[in-house]
Amino acid sequence: MKIGFIGLGAMGSGIAANILKTGHEVVAWSRSPGAVEAIEKRGAKPASTPEVALQADVLFSMLASDAAMREVGLDGPLLERAPRGLLHVNMATISVAFARELAGAHAKHGLGYISSPVFGRPDAAAAAKLTVMAAGEPREIERVRPILEKLGVRFAVVGDKPEQANLFKIAGNFMIASAIEAMGEAAALLRKGGVDPGVFFDVLTGGLFAAPAYLIYSKIIAGKKYEPAGFKLALGFKDAGLTLAAARELEVALPLASVVHDNFLESMAAGWGELDWSSLAKLAAVRAGLDD
Amino acid sequence: MKIGFIGLGAMGSGIAANILKTGHEVVAWSRSPGAVEAIEKRGAKPASTPEVALQADVLFSMLASDAAMREVGLDGPLLERAPRGLLHVNMATISVAFARELAGAHAKHGLGYISSPVFGRPDAAAAAKLTVMAAGEPREIERVRPILEKLGVRFAVVGDKPEQANLFKIAGNFMIASAIEAMGEAAALLRKGGVDPGVFFDVLTGGLFAAPAYLIYSKIIAGKKYEPAGFKLALGFKDAGLTLAAARELEVALPLASVVHDNFLESMAAGWGELDWSSLAKLAAVRAGLDD
Amino acid sequence: MKIGFIGLGAMGSGIAANILKTGHEVVAWSRSPGAVEAIEKRGAKPASTPEVALQADVLFSMLASDAAMREVGLDGPLLERAPRGLLHVNMATISVAFARELAGAHAKHGLGYISSPVFGRPDAAAAAKLTVMAAGEPREIERVRPILEKLGVRFAVVGDKPEQANLFKIAGNFMIASAIEAMGEAAALLRKGGVDPGVFFDVLTGGLFAAPAYLIYSKIIAGKKYEPAGFKLALGFKDAGLTLAAARELEVALPLASVVHDNFLESMAAGWGELDWSSLAKLAAVRAGLDD
Amino acid sequence: MKIGFIGLGAMGSGIAANILKTGHEVVAWSRSPGAVEAIEKRGAKPASTPEVALQADVLFSMLASDAAMREVGLDGPLLERAPRGLLHVNMATISVAFARELAGAHAKHGLGYISSPVFGRPDAAAAAKLTVMAAGEPREIERVRPILEKLGVRFAVVGDKPEQANLFKIAGNFMIASAIEAMGEAAALLRKGGVDPGVFFDVLTGGLFAAPAYLIYSKIIAGKKYEPAGFKLALGFKDAGLTLAAARELEVALPLASVVHDNFLESMAAGWGELDWSSLAKLAAVRAGLDD
C-alpha cells in the first residue's frame, strides 16, 4: 500500500516512523524541510508539495489545528487533485464541526475519510505507545486497522461518524484538564492551611487516584515545575475551546468545562501560554494569594 | 490500654472491631443499642452512656457530623467529666473550624486531641483497608500510632494541628467529587454526540485514568446505577459544604469546588439526596435534555 | 444621496422607513418579497437582487448574523460589484472577529465600512427611539451621522475601528442578560423562602434599580410570562456566544458571562429557544425544584 | 413609647436620631462611648449596659453581624432580663438561619421579634432616606410601623416570618453585587478591546440602565476610584456568604451568586477587604492582564 503523510511535527514524525516499520511505502510532506529530511533518512520518500503526498492509497495527516488544515487545502482545494479511492486518515485534534465538514468535503470528491486522533505525547508517538481511536465508515476503518494498531498499545473504534472520534478525543482532554484543575485547587487549599500538597498527592496516588494522569501532574504541581512544558498551556486552551464549541453545538451545558476554559483564558492573559498546561494549578495558587 | 469508643455506625463498627483485634480493652457506646450489642459480641464492653465510654486512656469517636458531636457533648460539656490524661482521637469528617474549636476545648480541659479521619467505605473499614490520616501533637499521635496503623493499609501523619487532617480529608473528598463531575459532563457530551460513554471510560481507565476512583464511578455512571448508594449524595453535599467553608475561612477561591457544590445543591432540590453521589452525572445528563 | 438597504426584517424595516423620512432615495432588498413590497409603499425603490441595492452612495445592511451576511456575499463576493466610493454601514449584531474581517474585505475592495449596531427592539426601531452606536474611520462616520442620528434618541461614536461598535453592542447585551440572570436567581431564592418576588421587584425598581431593564424584565419574571417572546432565547444564546468569542479572542476571563452562556445553553437543550430570553429565570426556578 | 436602642455605628446613629425626631423617649447603648455621647446630645438617654437599654416597650438593634449580636447576648442570655411585652425590632443584616433562631429565642422568653433590615448607606440613614423592610407577626409590625415609616422613603412589609425580611435584604444585596460584577466584566472586556468604558456606561445609564445602582457604581468603576470605600468589600463578602448560606439551606442553586462570592473571596485573598466592594471590577481587570 502506498501511504502519503502530511504533517511531520513532534507527533507526526513519530507516527510516520512507525508506519514505515509496517513495511508500507511512505511519501511524506511537511512545512519544515528538516522534518522531511529526517523521515527520508528513515526510509520515506520526500514529497515536494502536499499534492505529491496525496498521490497514494491512503493519506495520513497530523496537522496542528483546523486552521493548519485549511491552509494546506485539505478542507477542499487540495482534494480536487486526489486520486480516486483515496482514504484520508486524519489524526489531528480538530473541532467536531470541522471534522463533519471534512467528512462532507471528502464525500463530495468521492474520497474516503476517517478521524483517528490519539492520546499520548511525542515520546509515546515515537515509542508506538499511543492510544489510538478511530471513527467513520467501518469498512474504511478496517482498511487501515492493521496500521493503526501498530501505532499504539490500545486501539478503539468509537463510532461510525468520523467526528465522533474527535468528540472522544476532546472529551478525553477535558478529563485531564479537569483532573489538573482539581489538583490545583486542592493544592492551593492545603498550602494555605499549612498542609504539604506533596503528602496529599502521595496518599491519593497511592490509592484511589493511582493513575498516570494523577502521578504525572501531581508531581509537577507539588514541585511547581511548569517549565519546560510537556504540553503547552496555549494548546490546552485551544482544546478547551474545542470542548466548549462541541458542547455548544450539541447543546450540553458543561459548567466544569467552562471553569477550566476560563482559567486557561486567564492564564493566557497572564502570559503563561508557553508553560505546561498544569499551570492551572499556578493560577489557583496565585488567586489564593500564594506566591505561585 | 483502655479504649473508649463513641459512634458505632457503619464506619465506626468496623473500626471498633479492628481495634478489638489489637488486644486492647474497648468500652463502646452508640445511640443505637443494636450496634452496641453487636460489638459486645465481638468482645467489647457496652457503655450505657457516652460518659462511661469516656473513662479510658484513649477515646476514639466516629460520629456523623459537627452537629452529632455537639449533641453528645464532645465539644465541651462531656469533656468536664473526662479523666486526666485522656487522649481523644476523632475520626469523623468534620469541618476545619469545628476541629479547631474541639482542639481548643480539649486543651482547656487538659485533654489530648488529635484528628484522624479516614478514606474508605464501610467495607474497607471492616476489612482494615482504610487510608488513615492523623494530625496533632506528634507525641499524642505516637501514642496511638500502633492502633491507627492496624485500621488500614496506609497511614500518614499530615500536620501538627488537628484540623489539618480534616482539611486533608475534605480536600480528598473534593478530588473524588471533581472526578465524578468530570466523568458526568464527559458522558453527557458523548451521549449527545452519539458516542457510548462505556467505550470512553474503558479506554481511559485502561490508560491515563487507570485508578479505582475512575474505575468505580465510571461503571456506575455508564450503567446509570445510582441506587443503592455507596455514598449518599446528601453526604457528598455535606462534604462539599465543608470544602467551601474551609475555602472561605482560608481565603482560597475554588471555582471547581463551587460548581460541584452547586450541582449537589441542585440534586438535593431534585430530591436525589438518597442516591449515590455520582448522581452528579445524572444531573449533567438531565441538563443536556437526556432522559437521565 | 442614494442609499441601498439590505435586510428588511423586524428591525430593518423600521430603520429603512426612518431613513426614507430623511428624504434620501432608498433602494431596498430583502429575502422576503413581502417586506420589499411593504417598504416600496412607503417610498423606497425595490431591488430585485442585493447587487442592485449595492449601486448606491451608502449601503445600510441589517442582517441576522455572520452566516446571513456570508450568504448574501457581503463578506467578499458581492463587494466586487460595488461602485467606487461606496460606504457600507452595517447595523447587524455580528461577532467582533467577523466585523474585523468585513472591515478588511471592504478595504481590499477600496470600499468604506463602519459598524453601527443598535440597542432597541423592533418597536423602538419603527419609532426612531433606538440607541445607535458607530465605530470606524471618523470621516466615514461623519458622512452618515445626520442619518444615524435620525434613527434613535441617542447616538454615540464609540471607537475608530468598526469592530469596537460590535464589542460595545455585545457588552450591552451581556449587561442585560446578566441583569436577567440576577433577577431570576433572586426570584427563585425568594420564592423558596416564601417571599413574593413581585414585592421584591417593586421595592427594588422603586429605588436602586429604577431602570427600564429591571422594570421590563422583573414584570415578565414575577408573572412568569415568557411567551410571546420580546427577544427570543435562541437569539440571546447567539449573543452570549458572541460575548464568549470576543472574550476568548481578547483574552478576558468572564465568569459571569460563562454562567449566563451555560444557562442559555441548558435552556436551549430544554427546548426553550422560542421563549423570551428572560426564561433564564424559569431555569433558575426549575433548578430549585419549583414548578417553573 | 419608651424605646431602647442597641448599636450606634454609622447606620444605627442615623436611625436612632430619626427615631428621636418621632418624639419617643430613646435609651441608647453602644460599645463605643463616643457614639453614646453623640446621641445623648441629640436627646437620647445613655444606657450604661445593653440591659439598661432593654428596659423599654420596643428595642431597636442595629449590630454588625450574627457574631456581634451573640456577643451582646441578644440570642438568649440578655433576653432573660427583658421586660414583659418587649418587642425587639432587629434592623441588622444577619443570616436567615440566625433570624429564625432569634425569633425562636424571643418567643421562648415571651417577647416579640420582627426583622426590619434596610437598604441604604449611612448618609441615607441620617437623612431618613432608607428603604425599610419588615417581616414578622403583622400586629407587631403595626405597633412600630409609624416609626419605621419615618426612617426612610419607602416601607414594605415582606412576610409574616421575621427571617423573610432578612432573605429579602440578602437578595437585594446580591442584586447589587451582581450588577457590579456585570459592569466589571464588561469594562474589562471593553478596555481590552480599546473601547472606553466611560462611554459605554454613559450610553447605558442614559437608557436601559438609568438607575442609581448603575450610575453610582459605573462611575467608580470607570474612574477606578475604589477608595475610600462607600461599602467595604469585606462586608460585601460577608453578605455574599449570607446569600450562599440561605441558598444552601433553601436548596436553591445560584451559580451567579457563587461566582460573585468566589470573586469576593479572591479579592479578600488579594488584601482588598478595605476597598469598596465594587473592586470586583478591579479583579476582572487584573484577571484580564490590565494594570487594575
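Think of it as A, B, C and D in the order they're written, each chain with its own count starting at 1.
Here is the rule we go by: a contact is a pair of C-beta atoms (placed from the backbone, for glycine too) under 8 Å apart; a residue touches a chain by one contact, two chains touch by 3 or more.
Bear in mind that the values here come from a model prediction, so they are computed numbers and not experimental data.
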Between chain A and chain C, which partner chains are common?
-> B, D
Can we say the copies chain C and chain D touch using the same residue numbers, with more than half in common, or are the two sides different?
-> same
Contact-richer chain pair (by C-beta pairs counted) among B-C and B-D | B-D
Which one of the chains is farthest from chain D, going by Cα centres?
-> A
Could you grab the centroid distance between chain B and chain D? Build each centroid from C-alpha atoms only and quote it in angstrom.
-> 38
Could you state the distance in Å from the CA-based centre of chain B to that of chain C?
-> 52
Scan chain C for residues touching two or more other chains and write them down.
-> 247, 251-255, 259, 262-263, 266, 269, 287-289
Residues of chain B that touch chain D when the two form their complex = 241, 244, 247-248, 251-255, 258-259, 261-263, 265-266, 268-269
Within the complex, chain B is touched by chain C residues 255, 266, 269-271, 287-289
As the complex stands, chain C meets chain D at residues 96, 119, 131, 133, 154, 156, 158-159, 161, 163-164, 167-168, 171-172, 174-176, 178-179, 181-183, 185-186, 188-190, 192-196, 199-200, 202-204, 206-214, 243, 246-247, 250-257, 259-260, 262-263, 284, 287-289
